[in-house]
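Encoded as structure tokens, the structure appears first; notes follow it.
Chain naming follows the written order as A, B, C and D, and within any one chain the residues start at number 1.
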Amino acid sequence: MLLPELRKEVLEANLELVRRGLVLYTFGNASGISRKDGLVVIKPSGVPYGKMTPEHLVVTDLEGKTVEGTLRPSSDLPTHVLLYKVFPKIGGVVHTHSEYATAWAQARKPIPAFGTTHADYFHGPVPVTESMTKEEIASEYEKNTGNAIARVFEHIDYSAVPAVLVANHAPFVWGPDVGIAAHNAVVLEAVARMAYLTLSINEKAESIGGDLHDKHYLRKHGSSAYYGQK
Amino acid sequence: MLLPELRKEVLEANLELVRRGLVLYTFGNASGISRKDGLVVIKPSGVPYGKMTPEHLVVTDLEGKTVEGTLRPSSDLPTHVLLYKVFPKIGGVVHTHSEYATAWAQARKPIPAFGTTHADYFHGPVPVTESMTKEEIASEYEKNTGNAIARVFEHIDYSAVPAVLVANHAPFVWGPDVGIAAHNAVVLEAVARMAYLTLSINEKAESIGGDLHDKHYLRKHGSSAYYGQK
Amino acid sequence: MLLPELRKEVLEANLELVRRGLVLYTFGNASGISRKDGLVVIKPSGVPYGKMTPEHLVVTDLEGKTVEGTLRPSSDLPTHVLLYKVFPKIGGVVHTHSEYATAWAQARKPIPAFGTTHADYFHGPVPVTESMTKEEIASEYEKNTGNAIARVFEHIDYSAVPAVLVANHAPFVWGPDVGIAAHNAVVLEAVARMAYLTLSINEKAESIGGDLHDKHYLRKHGSSAYYGQK
Amino acid sequence: MLLPELRKEVLEANLELVRRGLVLYTFGNASGISRKDGLVVIKPSGVPYGKMTPEHLVVTDLEGKTVEGTLRPSSDLPTHVLLYKVFPKIGGVVHTHSEYATAWAQARKPIPAFGTTHADYFHGPVPVTESMTKEEIASEYEKNTGNAIARVFEHIDYSAVPAVLVANHAPFVWGPDVGIAAHNAVVLEAVARMAYLTLSINEKAESIGGDLHDKHYLRKHGSSAYYGQK
């Protein structure tokens, strides 16, 4: 069996999404990539999480062609594959319909950076994609979802803002590996919820200042980080 | 004992509603029909879920007359029976007072299709019934609840929009079998919640475009579906 | 030990409030009365629920004087006792700070009857007390809380609307016995939550019509009731 | 090992925050002080709660220098230490990003005292700090967070209002010992949630009157308290 360790990590990331209440039934999927082998491991489509084992996961190449596995891969595979191509430093991708992040996506509003919880993870607002055209929807829809995401990040650093809201759909989230991608998805949902509450309390709430935003982001990221044990 | 398999499915659907937090105490009921036998299996009225076994369920004919069972059937039985008559392709009916769907019913607003989660299950907004007249309430109230639902679907395909909000009451949901009806009820509640959040974030949020709505609905339904394992 | 059966019922009602998420730490209390003996059984003050046994409960007379028990009774005892005096048909009283009902009490707004869930239990809006005077607060505060409740029900049938919101405080709920009082408190919280959501979706939402309200209340209560197994 | 009892109390307080849903992943920390020894026991930085034992905790002096322990202390240690210096009667400090309290902090609004739940614990609104300057953020940020808190309490009694919202960040909470500090943090979150709901129901909701506020606060605190068993 190919990539047994990556299969375990991808399965564990999928289960973390369930434990944290981010997915209802089968509405979510996580994948990981082995850059060395050019192979992606992804959740199968529509299989209940409770019965999933590493063997059920599907291995594909970077064209989305199945290399190992008898089940059909997640129907969102073409989006994952496209993100691996355009974001060369990422190692994992997660897609959920978590409720608050999805509500922001449906409202077509970026999630403002209202506080340090946001700033610890996302170095700027979490952006929303533009609408897709009729043609983009009709043909290769999932791949074009990835293209819509890629366009948003032409002017944003995808490493510093590892999430996006697909308009009228739901979030995609990534990270250096699939475990971090799932962790980021959980934090995104918490941040989306608190931003919702913040605006409800004060419709004129202002984003966190740049100095404080940088401070918190850089406490956790980069060469001067001093959060955690290393 | 009649219809032992259907009894199990109906019991399991009732329990799924409890597990998913859709029912408080005994505020909900699920039924299934054997079209071949013309018999309906339904939850008894006011019996705690924790102690329910397949034997407790009540079997009735399509006039709502008990054929097997010593307990009184759910008081909403006449609504279920009427829906089985007017919606010939359905195999299960579920009624809950789940909180967000009920709030929309109380607000007397249809649930707009704000995103792909909605579009995956409901091919259009989830409609609300009209008020019932004094006479409809006074006599055969539960049957007339079914009639009020039927009137809404004179111009909507009940297979493509398998749910309705009864005004000032709560949702009724259906499907090809009772398990799918319960699944649809769980998704309806999630969709109702996300629509509520969407409007709170952006009171001018717009419904999903027709192209994207069709795309998602048809990814899961009909002859071109490509979601899941078949 | 006096009243062993009533002690069990009162303990069970207190635990039901915890299981249903209505109380945080020790913020709640339930009591029951033996009308025959003129004795009240109530939760002790500030004792964690997890360690409570029937022996910890306190038995008092209708003046609030302890008849059996070494612990101090709930500080809200004088409110309970006053309600037993002015509402001669009730057998149990429950007080919680459950979040949605408390928010309505803090907002000093009665909970409108927006739907049949409400109508099944409360035959009209759930009212709010008036403010208490400086003198009423300074002396015999808890007894005067009961008096403020009693004044609200001079023109409302306490059997048909078994709950009240004490202004800037929280709900008191009652019933024919303490188990039903706890059940009513749980339903009140669900109704308070759905009313909140209803107004958020439609600020012009209207109360349920009188015909439908009566129909649902009388399906469950009185001589023509046909809900449940009797 | 130094301070074994205090280590246990601090660990237990950290775990209470998790059990009550106040912390996501490692977003929170609790500490306790031994005034006699001039030593602080605090959670290590970024270590999962599930694996934490008393040995993992870090002992520091009042300058924040590690006296015992191999792990790095919570990055918020300088804030804790400063609070111990300026608030001489406190024995424990807790910091969380609990969702409702954090939303008020992000909205930069004090939490009004809308009811008796609030009044039982906080003898006035829960205040918000002012913004920190660019210089305060750039150098000794965590210590300056403590200074910003201290400035708020120049005119408020920190014993009577044992919590603060740090602007665009989250709450800090304290108490006579770390267990009470954690308890206060849990109540703060409930109070923050109910205040949010109160304003959503009635945007003109008014704070509780002074007489009632005093009554409830003094039922639980000070020489005339009569709540609980002592």
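Following the convention adopted for this analysis, contacts are C-beta pairs under 8 Å (C-beta built on N, C-alpha and C of every residue); 3 or more make two chains touch, one makes a residue touch a chain.
Not measured: the values here are computed from a predicted model.
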- With chain centres set to the mean of the C-alpha atoms, which chain is at the far end from chain A? C
- Taking all residue numbers at the chain C/chain D interface, are over half used by both copies (same) or under half (different)? different
- Task: Could you give the separation in Å between the centres of chain A and chain C, each centre being the mean of its C-alpha atoms?
- Result: 46
- Express in whole angstrom the distance between the two chain centres, defined as the mean CA positions of chain A and chain D. 33
- Expected list for chain C, residues touching two or more other chains, is 199-200
- With chains as vertices and touches as edges, which is it: line, ring, star, complete or other? ring
- Message: Judged by the touch rule stated earlier, which pairs of chains are there in contact?
- Response: A-B, A-D, B-C, C-D
- Query: In the complex of these two chains, what residues of chain D are touching chain A?
  - Reply: 24-25, 27, 44-47, 71-72, 75, 97, 99-100, 102-109, 131-132, 134, 137-138, 141, 168-170, 196, 199-200
- Message: So in the complex, the part of chain D that touches chain C is made up of which residues?
- Response: 114-117, 183, 186-187, 190, 193-195, 197-202, 205-206, 208-209, 211-212, 215, 219, 226-229
